[in-house]
Amino acid sequence: MLFHVLYLIAIVAEAMTAALAAGRRSMDWVGVCLLGCITALGGGSVRDVLLGHYPLSWVQHPYYLAVTAGAALLTIAIARIMHRLRHVFLVLDAIGLVVFTVIGCNIAFELGLPVLIVIMSGMITGCVGGVLRDVLCNDVPLLFRSELYASVSVVAGGIYVGGLAAGLPHDPVMIAAMAVGLTLRLLAIRYGWNMPKFVYTQDWH
Amino acid sequence: MLFHVLYLIAIVAEAMTAALAAGRRSMDWVGVCLLGCITALGGGSVRDVLLGHYPLSWVQHPYYLAVTAGAALLTIAIARIMHRLRHVFLVLDAIGLVVFTVIGCNIAFELGLPVLIVIMSGMITGCVGGVLRDVLCNDVPLLFRSELYASVSVVAGGIYVGGLAAGLPHDPVMIAAMAVGLTLRLLAIRYGWNMPKFVYTQDWH
Amino acid sequence: MLFHVLYLIAIVAEAMTAALAAGRRSMDWVGVCLLGCITALGGGSVRDVLLGHYPLSWVQHPYYLAVTAGAALLTIAIARIMHRLRHVFLVLDAIGLVVFTVIGCNIAFELGLPVLIVIMSGMITGCVGGVLRDVLCNDVPLLFRSELYASVSVVAGGIYVGGLAAGLPHDPVMIAAMAVGLTLRLLAIRYGWNMPKFVYTQDWH
C-alpha cells in the first residue's frame, strides 16, 4: 500500500522532470504530455516487452496515463516555481529510481528468471525511461554519461536479490535495499561522484 | 474493402514522405527503403508489441514490406515532381492519420481493452511511425513540436470509441470520426493551428 | 558447436567496437558496458520482440550479458592498441554480420514464417544493433548512409533461404551463404563500394 503510494509519487516526479526537459526543447503541450508519459512509464514498458510480461502496467491501469499526463501539464502551470523545488525533485527522482528498481526485480523474480536477469530487470525499469526521454530530446542519454544512476540501481537490486536468496524476510530486505540505494544516489549528487569516463578520440573511418 | 484500399494508400503515402526525409539526410537507397518501411509500418508494430498482439501485420502480410519499400524507391525516381505534389501528399498523410487511428482503435477494441487504451492505441498507430522517422533522422520528433497531429488522432479516436460505446452503428460512426479528424487536420494545416508551446529555459545542472 | 563459438566471437567484436563509439562520446564505464550489450544483443532482441519469440536469448543465457559487458570494459584497457587491430575488427564485424544473419533466418524459419520475413529476420538480427548504437550516440545510423551492410545481409539471407527452399542440404548451404556474404562485405570495404545515395534538398515547410 505504502509502496503503491511511493510508485505514484515516483511516476509523477518522473513526468514532471520530463516536462521540464520538453520545455527546454520548446515542445508543445501534446509533446509535454507524451514525453511525461513515456519517461515515467517507458522503463516498465520496455522491461515488460523484453520479458514478454503482458499486459503492460498502464494497459491494465489506464489511470497511470492520466496521472502522468496530468502531472506533465501541471508542470507547465507551475514552471516558475519548479526551480525552487529542484532539491525536492532530486530526492523524489532518487526515490523513484529505487522504487522502480525494486518493482522491476520483483516482476523478474516472480517469472522465475536467473539472478542476473532479475537485477537487469530492476535496472531497465529504473533507467530506460530517462534514456527514452533523452533520445526523444535528441541528446546522448545522460545515463551513459554522468553520475551514479544505473550503478545505484544495480547495487540496490543486488542487495534486494542477494537478501532474498539468503532467505532473509522480504520487507526488511526491501527497505535495506531501497535505503542503501537512496543514500548512495543522494551522496553521489551531493559530492558529484561520477564513474570514470572513457575518452577515445581516434577515428577509424 | 474500401478501407483496405485506404490503408494501402496510407502506407504508400507515409513511405514516400519518409523517403524524402531520407533524401534530406543523403541516405543511400537501402536507407530510403528501410526508413520508408519503418515509418509506414512502425506505428502499427509498436502498438502490437505494446499490446502483445501477435503476429504483427507485416509478418502476416509480407507484401506490405514490398509495397512500402517499392513506394520509397519510386520516390527517388520521381523526386523532381514531388514538390509539385506536396498538397496531394498533405491530404494523403491526413487520410493516413485517420485510417491508422481507426485501425489502432479497432484492434484494442477487439482485445477488450479499456476506452482510454483504445484511444491511445489509435494514437500510437497514427503517430509513432513519424516519431521513429524523426529519431532515425536525428531530429526532435515533429509530433512533439508542431501542428495538430496527435490531437487530431485523439479527437477522431474519441468520436469513434464514444459513438460505438453509445451503441450507434459501426460504419456511420467510423465515417464520422474519420471525416471530423480529416477536416480538423486539413484546417490545422491551412490556418497554421498549433498547440501552445511550453518554453522553459532554466537549466538545473 | 563451431557456430556457437562464431556467435560468441561476433558478440564480443560488436561489443568492443561499440565501446569505441562510446569512448568517442566520452561516456562513462557504465555507458560503455550498456552500449556494448545493447549493440551486441539488440538486433536479436528487436527480432524476438517483433516476432513474439520468447524468451530472448540473453534472458535465457544471462552470461551473454557478462561476456559483452566484459568485452566492452576490456576495450577501455586496451584502447591504445585497438587502432592497430582495426583490420582484424573489420573482419570480425563482417563475420558477425553473416553469423547474425543466419541465426535470424533460422529462428524465423523454425517459426514457419514466409520467405520474405525469414530474410528480414536475418537482416534485423544483423543490422539493428548498430542502428541502436548510432541512435544512442545521437548519430544518423551508419546503416542508412554507407557501405554495403544491410544489402550483404539480404544477399546472404537470400542464398540461405533459397538453398534450403531448393531442398539442398543445410550445412553446405549455410557455409555458402556465409562465404558469399563475407566476401561481398570485405570487397565492399576494400574497394569502398557504396549504394547510390538519394539527395533531396527541397524543404516543404
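When the chains are written out, they are named A, B and C in that same order, and each has its own residue count from 1.
Please note the rule applied: contacts are C-beta pairs under 8 Å (C-beta built on N, C-alpha and C of every residue); 3 or more make two chains touch, one makes a residue touch a chain.
Chains and their UniProt names: A, B, C = Membrane protein.
None of the values given here were measured: they were computed from a predicted structure.
Peer 1: Take each protein chain as a node, join two nodes whenever their chains touch, and name the resulting shape: line, ring, star, complete or other.
Peer 2: complete
Peer 1: Report, in degrees rounded to the nearest 5, the angle of the rotation taking chain A (Membrane protein) onto chain B (Membrane protein) when the C-alpha atoms are fitted.
Peer 2: Rounded to the nearest 5 degrees, it is 120.
Peer 1: Give a one-word verdict, same or different, on whether chain A (Membrane protein) and chain C (Membrane protein) use largely identical residue numbers at their interface, taking over half shared as same.
Peer 2: different
Peer 1: I'd like to verify one number: the distance from the centre of chain A (Membrane protein) to the centre of chain C (Membrane protein), where each centre is the average of its C-alpha atoms, in whole angstrom.
Peer 2: About 29 Å separates the centre of chain A (Membrane protein) from that of chain C (Membrane protein).
Peer 1: Using the touch definition from the top, which residues of chain B (Membrane protein) touch two or more other chains?
Peer 2: Those would be 49, 52, 135, 138.
Peer 1: List the residues on chain A (Membrane protein) that touch chain B (Membrane protein) in their complex, please.
Peer 2: Residue list for chain A (Membrane protein) touching chain B (Membrane protein): 19-20, 22-32, 34-35, 45, 49, 52, 54-56, 58-59, 62, 65-66, 76, 79, 82-83, 86, 135-138.
Peer 1: So in the complex, the part of chain A (Membrane protein) that touches chain C (Membrane protein) is made up of which residues?
Peer 2: Those residues of chain A (Membrane protein) that touch chain C (Membrane protein) are 49-52, 113-117, 120, 131, 135, 138-141, 143-146, 149-151, 194-204.
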